[in-house]
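Both complexes shown next keep subunit A, but they swap its partner, so subunit B is in the first and subunit C is in the second.
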Partner chain A sequence: MRQGLTRYIIRRGLQSLFLVWIATLIGFTIYQLAPGGPLQFLDDDPKRTAADFERLSALYGLNRPILIQYLAWLTGEDWFAMLPGGAVWQSGQCRANPERCGRGILRLDFGRSFYFKGSNVIDLIAERIPATFLLGFSSLVISVVVGIPSGIYAALNRGKLPDHIIRVTTVLVNTVPEWWIGLLLLIILGGYLRLVPLGGMETIGDGSLPDRLHHLALPAVVSAISGWISISRIMRFEMLEVLNQDYVRTARAKGLPEHLVIWRHVLRNAILPFVTGLSGIFLLFLSGSILFELVFSWPGMGRLAVIAINSRDYPVMMGLFVISSFLGIMGVLMVDILYSLVDPRVKYEL
Partner chain B sequence: MRRKESPRADAATAVSVSIPRFRKTKEQTYWQAVLAKLLRDKLTLAAIFGLVVMVILSVAAGWISEQVLGFDPTTTNLTKRNAPPTWAAVAWPIFQEFTQTCQAGGVTTCRWSLWKAIVSTSLTGLRDCLAAPRGTCHWMGTDQAGRDVLSRALYGGRISMRIGLYVASISMTLGVVLGLISGYYAATVIDDIINAIIQTLGSIPLLFLLIILSRIFQPGPEGLSFLIGIFGWMGVSRLIRGQIFSIREREYILASHAIGASIWRILFRHILPNVSSIVIVVGVFNVAGAIIAEAGLSYLGVGIGPPLPSWGNMMQGSLGNFTDAPWLVLAPGLFIFLTTLSIYLIGDGLRDALDPWVR
Partner chain C sequence: MKGYRYPTHWLVVVLAVFALLATQCAPPAAPTPEAQVTPTAAPTETGAPVAQQELTPTLAATLEVSQQVITQVVEESEAAKAREPKKGITVVSDEDVTTPRTKRGGEYKDVATSDAVSFHPYLTTDTASSSYQGMVYTSGLLRLDENTLQYIPNMAEKYSVSEDGLTFTFHLRKGMLWSDGQPITAHDFEWTYQQVINPANEFPYLSQLEFIKSYKALDDYTLEIKIEKVYCPSLGQMAGLITPLPKHVWEKLPWNDPDKNPEMNKPSVVSGPYKLVEWKRDQYAIFEANENYWYRGAPNISRYVIEIVPDQDVAYQKMKTGESDTGPITPDKLKEARQLPNITVYEWWPAAALWSYIGLNMRPGFPTHDLHVRRGLSYAIDKDLLTEQVMQGQAKRMCSVYPETSWVYNPDVPCYDYDPEKAIAEFKQAGYTFQDGKMVDPNGKQLRLKLFFGPHTSKTRELIAVTVQDYLRRIGVETDIQALEWSTFLEALHSKEPDWDMYIGAWQATIEPHIMYTIWAEENIPQLNSVAYINKEVEKLFEEAGSNCDVEFRKERYQKIQRIIAEDAPYVFLFYNKAWSGQNKRIKGIIPTALGIGWNMEDWYIEEAPTP
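Here is the complex of A and B:
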């Protein structure tokens, strides 16, 4: 019946793969763009010599053509040896010890961190993904649970006090950084009243569920604010659109009670476009996590990003960028597919 | 294939008929009408006043901090680190005592009676501060290096507002030009390329990219604005593109084509004026967004670097001790809030004033 759907999903999937590839290109370029190149940190050492520079370049394979470096980063360099004459393209450390050959980001090898000496980047990131997901998912749930009813409520009371209150809140929240609201609440609720902990995900030595929820409450609520605002705006707008439709007038004219009009005819149609709004909100959580995690000392990817950036830990930065881009692109793809599944009217054109 | 003309577009044609009548009776151009409408709007006027005050405060930051406050924003004083506002010097320990009573057993054990002392000592302190000679009263306390927070906040306004303006002009220029082009060449390769760029930028975590780039290049205010600007044009471009869909099929565009007008002339002389009101409103909101973005980047420590004060990097100093020195968080935040609130309200008022349909 809906043969267009499969084609649409395949096409969107391919498009997303292309986007992921672009993201790897951007990630790799950033590394090369750094003034002084990846060995920039050598400048901090007063005893460095030109020989040091050359030795490290050869060791890490930075003296190879850029395309080969990209290929090695993407697919690994262990298989270069299998090509005739390919061993020349391996980095010094790989030739000296096959154990230390990069296996490429396609096989989830993002190299080793500079700052966390010797740790694999992927392990560092994998350790922190659950925390970021927990925070992101809780704030998504909160923003949906609060945002949809408040948007509906505002639309049904258009121009009255509740609508105005929600609109004023929207403006006020838009005019200050959300993380600043978080910081203020943390000072008052955490610092002065000790109602919530000052940071972290759990009390050390106590990982019980109530303790975790206690730590999660404030960060989740604060990072849900922006999502809540945009969801309730979308809902309000869509509700008002649908309320003006002819079939709503018909439903009212035939004497249907108002609550049935709202439930059966308005809500069902108004809730669909809200799904499209989700992809933007998903990205918001992924990006915003950096600031919220810094404010609330939340041990997720955002905190790792701040550490990596402050210590110029390029492998970690690149790994985080590629993985969070991947997650973002996949999130948008999932929302798009979900939308095409729930809305029969969607056109399978791009 | 082509979109049918929307009811809005029909209505817009209708207004072009009614405008001459409007002119005859009132002898007003469109912009005069907009101005008149703005002047009737009390809230927008108040917001304009607020913004003007903020701009004057930061433009005159040098004079104010030297002649009125008596502090240099870069002079450190290590004997006075994280000192509370001078007028609250007595009240602050009492407030801390109050919070300690609260911590003892949840909110129930708070000794609210302490607030009497807090308020009365603050009032005396304020009176003393007003009478005190120049250079002895820190109105908003001092930061982790003993610098006066208020004078830094005034100077910080220069950076933050400058960045807001730069970012808005960069992202608006990019957004308008690319939006015009992709709207005019809709459903061609050029449009596809621009859409692909928008989609790419729309699906990667931009804040993260921005942080990495500003860490690597460590730009000054101009460079930072450039970085924020080149990642902020997508929304504008999409908006303009959508508008142009309805405009480009009008008769007057066809007419200019017929007399051989160049594409650039059509885009900038005939189409752009029709979307100018949207451009202005979005541009105003962009300024506010950029100020907030800069604050976030500087708070992370990758925006404006230390010797220059900006509202964001002032808060960065509070990272370790924000409960002991909440003024480090409050003061810059308050400045951000007042500035962006004014800008938002102005944008809101402009949107109503520029729209001929709102009475």
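Here is the complex of A and C:
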């Protein structure tokens, strides 16, 4: 049993790494295919000449074939010099100063940003992780706290008025883009009623806990909406499924009071997927934050991604891509493993 | 497996989202969505207002406004004279730079929609970074006078030009200090110059320095700059060419490695009006007055805070509620903003105006290759109405390459006032026939043109596009409109095999007329000269005007150029924009000029008053 589990984890882990690698390959190609490049800011600038453009291209190694650039990103470019004639594949910067050679993602070097003028990609991302986690975690808590009870309530009142109300509301809210709801609420609550701040994480120069909570409230609630809806729906579905099980009928038949049936037999079984999957859901929450971070001036990874994408900052884009792919795949992996631990019917084979 | 399953196609989703963003995303943080000719040199020209397309607020948009509109058409001859590097002359400043300011205190709250990238003055190209750098680093041996638009001594208290016009000597003011108390000397300038010209040091505009033969500190306070050959805009170019960095701090640090050079993102020794207190990327930057600032000491306003807000609407709301002292006003909000009780809207016609045009593809094989077609198109569009409709009175017509605010402006050029009959006549000369409301080419096919623009989010350009489509339909020409994301637009525009007939573009005019040469030179096809305009006579006139610095001689050349280009009609010239800025009424001392309102920012002061 133990051994089987270990083998299962190792196998799934290796598969996941392979998946991340394939993802990077696809990601890198897609980014390169998008029009423009990291030097596009010079494209229509009359102060630069074609020579400036070429000089910078060579300096950054952007004039190399895509495959070489990918190889440099993956494995680093310092070792190119060891190959006969390999130095020509190094970027100009690396040739001029070995300290500036990339060491490649395999050696955990995420490279340096173009847009942020040589800043380390990993620093840029690390700077933003706390904000993204805070928002993701808060909205997760809210969606669970609201979603589970409303799902249970709907299930227990299936086909009755509360069920319909909850269903219609969720469908309605679901049809409207949440970022739009966010912007609307921001302008109404923040602009006209002045109940909440107009975005940001803290008042400049304040940053106390109440101030931070004040800033957090609206973005957390708005970004929790979609999570709340899906959790509530799934909860309702799980509940209904369990309610139809034989053991529930048995429990009722032996005369157990209804609240005990619900509490002991139904809820426990229905809620299982959430408890085990929470970590996974959390990681998924992180990936959905781009639009909210934009609307609420939230200084997280989503905003960094938008900046990187707009400026074609390949290293930053790839860094975020790898990290979010990694988090996502780890999330799924964790869910699978936890689920298999909790539910013995799940086999460790694939 | 039963129950809730997590999507195993998660990766595919991520990929799709990223791919979608990569191709579709609107650019809130993108580089200026506008083709720009930037005013004469210098990464940090603190005084120059950059009115961007749809008035994207930058810190430079703290350069802003009064209720009366200031029109500053330059006194031609006088201003022009000073702009020339006169030969064998010496200019001395008698300006008082020592009297301290008296209305000190308070905090100014600014908002911006895009944050700076770095404080390194020689790596960045975006306006937000320039503004941040302008806060902490002083630049400009000379600066533009806000009334005459002449270059006057600034950090140099005296300069002279040799008889042959090739050697420029600048005498720095004594007593200018870095914020740590060390003197600012000519060696700081020279050292910085030496770093910048090293090709490994990544300066994006290295070619801008090519006209300089040598740049030397003769002693602590004397700089000598030599140039290869007489080049009329050179004095202006030199004025702000080098923003000195503190040699005594920087020489121990690697020039461009933010890991090992903390000064790049957190400058500790500065020369500008403000010192950086704290910068949190994408959140805020806080500055405090620099007591050692060389120009009359610390600025009046003691603290300057910039908050980053990604959305213009939110930024506007902040200004409205008094959370910030300024905010971006989009053209559609201008009327409302003028009525706000706590806001003064300052407006001015900038010397470096932003002007819009429709570029016509002049390459062989395109209908617009034919001069008569281009003229026909020019006649077919009612540019007065377009100006009025699209810009709601916030713009003026323009008929050739220089706006009315330029000292070389030539009013006597063909302007192609709206006249559908003339338009049809021109098309007939090109071999087209106008029948049954259709403009038909000799092969019997109706003329269809492709008009495209970017970024797709630009309301102004969209409005121009549909208006043009409507006018062209009236003379039987069909127009296919395409709106593209900014990068995609640039790629299509600069393609070696273009597939478009017309595009909507804009340029930032320059105070020095010669800079506009770049967009008409054959060597700059297809990048800056995207319409592929080739006219050897125009190039010759530009060359002459750049190398003979006699004012009247130059003016005559530029006027001739305006006439020829208007006759060739490579663009349908549309309009140039007014600029404006909203400021809280508690901020006093703002004087709008043709340079905007930022030129005297150090003299602004705060009077505590209405914040509703």
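Just so we're on the same page, the second predicted complex is superposed on the first by the 280 of 350 C-alpha atoms of A that agree within 3 Å, B and C clash if a C-alpha of one lies under 4 Å from a C-alpha of the other, contacts with A are read in each partner's own complex, and residues count from 1 in each chain.
By our rule, contacts are C-beta pairs under 8 Å (C-beta built on N, C-alpha and C of every residue); 3 or more make two chains touch, one makes a residue touch a chain.
The model shown is predicted, which means the values in this text are computed figures rather than measured ones.
K.L.:
Contacts for A:Ile26 in the overlay, against subunit B (first) and subunit C (second): which applies, first, second, both or neither?
P.N.:
both
K.L.:
For A:Gly205, is the partner it touches subunit B (first), subunit C (second), both, or none of the two (neither)?
P.N.:
It touches subunit C, and subunit B stays clear.
K.L.:
Quick check on the superposed pair: does A:Leu338 touch subunit B, subunit C, both, or neither? Answer first, second, both or neither.
P.N.:
neither
K.L.:
After superposition on the shared chain, which partner residues are touched by A:Arg312: those of subunit B (first), subunit C (second), both, or neither?
P.N.:
In the superposition, A:Arg312 contacts both subunit B and subunit C.
K.L.:
Contact-wise, after the overlay, does A:Asn120 reach subunit B, subunit C, both or neither (first, second, both, neither)?
P.N.:
second
K.L.:
Is A:Leu184 touching the first partner subunit B, the second partner subunit C, both, or neither of them?
P.N.:
Touch partner of A:Leu184: subunit B, not subunit C.
K.L.:
Would you check which partner chain A:Glu99 touches, where first means subunit B only, second means subunit C only, and both and neither mean what they say?
P.N.:
Once the two structures are laid over each other on A, A:Glu99 reaches subunit C alone.
K.L.:
With the two structures laid over each other on chain A, which partner does A:Leu291 touch: subunit B (first), subunit C (second), both, or neither?
P.N.:
Only subunit B is touched by A:Leu291; subunit C is not.
K.L.:
Using the touch definition from the top, say if A:Asn174 reaches subunit B (first), subunit C (second), both or neither.
P.N.:
first
K.L.:
Identify the residues of subunit A that lie in both the subunit B contact region and the subunit C contact region.
P.N.:
19, 23, 26, 30, 34-35, 183, 186-187, 190-191, 194, 198, 287, 290, 294, 305-306, 309-310, 312, 317, 321, 324-325, 328-329, 332
K.L.:
Going by the contact rule set out above, which residues of subunit B touch subunit A in the complex?
P.N.:
99, 102-103, 106-107, 199-200, 202-209, 211-213, 215-217, 288, 292, 295-296, 299-302, 315, 318, 322-323, 326, 329-330, 333, 336-337, 340-341, 344-345, 348
K.L.:
Which positions of subunit C touch subunit A when the two form their complex?
P.N.:
Touch list, subunit C to subunit A: 1-4, 6, 8, 10-11, 14-15, 17-19, 21-23, 25, 27-31, 35-38, 41, 117-118, 120, 123-126, 199-200, 202, 204-208, 256-259, 264-265, 280-284, 286, 305, 307-311, 313-314, 317-318, 320-321, 323, 485-488, 490-491, 494, 515, 518-519, 527-528.
K.L.:
Can you list the subunit A residues touching subunit B in their complex?
P.N.:
Interface residues on the subunit A side: 15-16, 19, 22-23, 26, 30, 33-35, 171-172, 174-177, 179-180, 183-184, 186-187, 190-195, 198, 283, 286-288, 290-291, 294, 305-306, 309-310, 312, 317, 320-321, 324-325, 328-329, 332.
K.L.:
Over in the complex, which subunit A residues touch subunit C? Could you list them?
P.N.:
So the residues of subunit A touching subunit C come out as 19, 23, 26-27, 30-31, 34-36, 40-52, 55-56, 59, 92-93, 96-97, 99-100, 115-120, 124, 127-128, 183, 186-187, 190-191, 194, 198-201, 204-205, 234, 238, 241, 272-274, 277, 280, 284, 287, 290, 294-295, 297, 299, 303-307, 309-312, 317, 321, 324-325, 328-329, 331-332, 335-336, 339, 343, 345-346.
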